[in-house]
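Mind looking over this structure? Questions follow.
Letters A, B and C name the chains as they come in the text, with residue numbers starting at 1 for each one.
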Amino acid sequence: MFKQLPLDQPDSVEIVLNGQSLQVPKGISVAAAALSNQQNFTRTTPVSGKKRAPFCMMGVCYDCLMIIDGKANQRACATYVRNGMHIDNQEGVGPAMEGISNE
Amino acid sequence: MNKHYQLLIIGGGPAGLAAATTTAEQGVSCAVLDEQPAPGGQIYRAIESIPAQRAKQLGSEYLRGKKIAAAFRESNAEYYPDTKVWSLNKEREVGILQNNEANIISADKIIVASGAIERPVPFPGWTLPGVMQAGAGQILFKSAGIVPDNGVVLAGSGPLLLLLAWQYLHAGVEVKALLDVTPLGNHLTAMPKFPRALLAHHYLTKGIGYQIELKRAGIPMLFGVSELRAEGEDQCQRVCFKHAGKQKTIDSELLLTHFGVIPHTWLTQSADCKHQWDDSQQCWRPEHDEWGNTDIEGILVAGDGAGINGARSAEHAGRLAGFEVLFALGVISQAERDKQAAKDRKWMQDERHIRPFLEKYYQIPKNLLATADDKTIVCRCEEITAGEIRQAVRKGHDNTNQVKFYTRCGMGPCQGRQCSNAVAHIVADETAMPVEKMGHFRGRPPVAPLTLEQLASLKKDALS
Amino acid sequence: MNSDVLIIGGGLMGSSIALQLAMRGCRCTIVEKDSPGRHSSGVSAGGLRLLNRDPAEIPLSVEASRMWRDIESLLGSDCDARFPGQIRVAEDKADMEKLEQREALVRSLGYEHEEIIGKKELYQLVPALRPGCVGALINRTDGYARPYHALTAFRRKAESLGVKYCSSTEVYNLRKEGEGWEIRTSQGTFNSDILVNCAGAWANNISTLLGEPVPLTPKALMLMVTERLPHFVDPVMGAASRKLSFKQMQNGSLIIGGALVAKLDFEKGKTDIDWSQLAESADTVVSFFPQLKDVRIVRAWAGIESFMPDNIPVLSESQTQSNAYHAFGFSAHGFQLSPVIGKLMSELILDGRSELPIQPFHISRFN
């Protein structure tokens, strides 16, 4: 959907996005990184499992929730990329909690 | 960071920065709490770090932010970026989150300058990936130099649409069409306000200038569009609408919409400030006097968070609130306040000349505000449709908060930011009552994300 | 407006009483100063708890528990009620002793619903609990429902039987008119044969008008709710010696309570969250379930409840006036009792006595 325009100072960091290793410009948000790297959606909803992607980019819609460095429900538009960051699409409410055996 | 300041300013946009510069200049100890990593708010986002070439593509209004940010940096005001404010109460205690740690600090005076958000208007398909708010496009552009790569359709009503189309044109983006849903009748109803608008003619000439350029570049601009919807399997694939009596479709994987902006009132609501419904701006805003004083002693509002008047007004409002604080703290006398504030008061009046016209011209029609299609999702978080809301009202839950309790609208992570207005309009429509009688969702803190561990960290050194 | 019974207060209690009276043919009117469920009933955590009740309440609560399990036949809605049980966790031997004493007390009263379980069963029931706890006290049939849905269901059924709700109707004055009542309100005058005081945190205004003020203390209790989580706990959680109370709702979010008191300006009806107490509560939750540390709080709120000094309600006829009755002061644990309160008050009003032992709740205990 989106692409990166060429920049003057291409300082970059390495992140792992949905299992893929990527170089992205330093200082951009996780949402920006996802949208400009062929991610068509960034989560599925807990209610119906429908796909969603970032909507407002300013932290007021909570549609861009992703799993960032193991923590679920992180606003991707309000989190900035860091070297070695792991980012995954969030499915529903996120992964099962530690210590569950009854589902 | 101190536990207590003479003045705390919440928000790092033009109003907050101007207020900070004004008060720090005259010796008041003040701090700006900004959720962003750098000053500028949304309107001047990334103003300090943006490469010169990209800044040019954004237009001259954007560049105003440079001076405002620079003046702020030079002042003695303290600046705390990456700081989320999650609560405010009438004792002027502010809950903040920095570096994963929660704290409560306080101030003699508080200026809330948390700006505006896009007016969220549900329409069929608005939850599909690829449908975003126009402001989102601007933020991606300003802060990361990211633009649509396979073209974009812009739709909605409001000056921002025109500006974004122009910015994209200059960045080499394919704007497939600009679909203006402003009812054609608005031209007539807005005419009486036009003469006053001429007093702020720079707005009008700018707007006309953009239109001419876009036309010359061959970008299709359709007016009087209705029945806007996005369609696709799992993502936006085409934009459908009605125009000149015919159903039309444009293939596009990206649709950016804009239906005006409204004050972001979640903090002032949770602080229990009185809010009023502004019929002209079609939004709730905190009640305040011309200096920004709310009904809560010591809490002021300034900028678009107080009422939509644009970025230039926000600067003036920030300074007016600053002068008022200087007076209230006893640093200057009332006469001195009035003298120092005279210019900003005049400029603010000048800026306001355009507003009645713009507000009337860009009034969003009722059938968009009170979502007409029953199957359209209104509460994005809990996936509640307009039909379910109407049904709840018919069952006797006849105000906004009762609908919230019954349907769970507004109980999701966004706390009703994206659905509260639509719910109020739908309930008003179903009950044939005015929107202001419906109430807005009772704002509840924390208004920014706060985890159990972060909250627990508060007890380590809570205010006693 | 004329009716047989006028009930002051449109929350759960008022609605439950109106329903039972209407089922027995009475014409009832409810006057509510705001909107139905605006106060205590609207801020309830929805707990259906028989565990750890004051001994005086146990017989009422046992009957209420039975009614909740079959609430659909009474109200036409199941109120989304679930019954996964409720436990109080013992962290050490001292806690365990405390719980064993409680179990013994309840048994001595002739009831079997509170049961001690050991470490093995505790961890079978709540595998997500942090290691090191030694056992718990459990009521296997406790649970929770959705308060606003319950209120709506009571109201719907009551209205279908002719009960009239008058919102935004505040009572200013009461006057005996012969054997009946003339009630002056912000929306005009009402007349009825019988008056019932279900005014919650404002009930003392009414009992004072009746000449029998009570030491009622309005208090604001705080609750927090989190974002939705993967399912990880079934029973409602409490602790033997720490303020812990939470449940995972049907949609996966947690409601966290625990007798946390907020600041209250009763005259203005305004509450102010006390964050240091909520911080304490958050800390307790995380200490029992460390995997919850990154869970986000979506909102915190405080609701005004009516507390009596002995933490049990007032349920009786008036001491000073004939044809007047009281049902208030549920001290933040009324939700579970609501169906049975309707039943016993209707018996008191229409038959002169209730089937259940309500002597401990008499208003005369405050003289």
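To be clear about the criterion, a residue touches a chain if its C-beta (ideal position, glycine included) is under 8 Å from a C-beta of that chain, and two chains touch if they have at least 3 such contacts.
Since this is a predicted model, take the numbers as computed values, not measurements.
Closest chain to the protein centre (all Cα atoms averaged), using per-chain Cα means: B.
Using mean Cα coordinates as chain centres, the one most removed from chain B is C. Centre-to-centre separation of chain B and chain C, using mean CA positions: 41 Å. Rounded to a whole number, the gap between the C-alpha centres of chain A and chain B is 24 angstrom.
Distance between chain A and chain C, defined via averaged C-alpha coordinates, is recorded as 43 Å.
For chain C, the set of residues touching two or more other chains reads 227, 251, 292, 294, 296.
In chain B, the residues touching two or more other chains are 412-413, 449. Multi-chain contact residues of chain A (touching two or more other chains) are listed as 73.
Across the complex, chain C meets chain B through its residues 35, 37, 42, 148-149, 152, 155-156, 225-227, 251, 270, 272-273, 275-276, 278-280, 282-283, 285-286, 292-301. Residue ranges on chain B touching chain C, taken from their complex, read 87, 89-91, 95, 102, 104, 272, 395-397, 399, 402, 405-406, 408, 411-413, 415, 444-446, 449-453, 455-459, 462-463. Those residues of chain C lying in contact with chain A across their complex are 127-129, 227-232, 234, 251-252, 291-292, 294, 296.
Partner chain A is touched in their complex by these residues of chain B: 35, 37, 42, 49, 51, 53-54, 117-118, 120, 127-133, 135-136, 139-140, 143-150, 171, 234-235, 253-254, 264, 380-383, 412-414, 417-418, 449. By the touch rule above, chain A contacts chain B in their complex via residues 1-9, 25, 27-29, 32, 35-36, 40-42, 45, 47-48, 50-63, 65, 73, 75, 77-78, 80.
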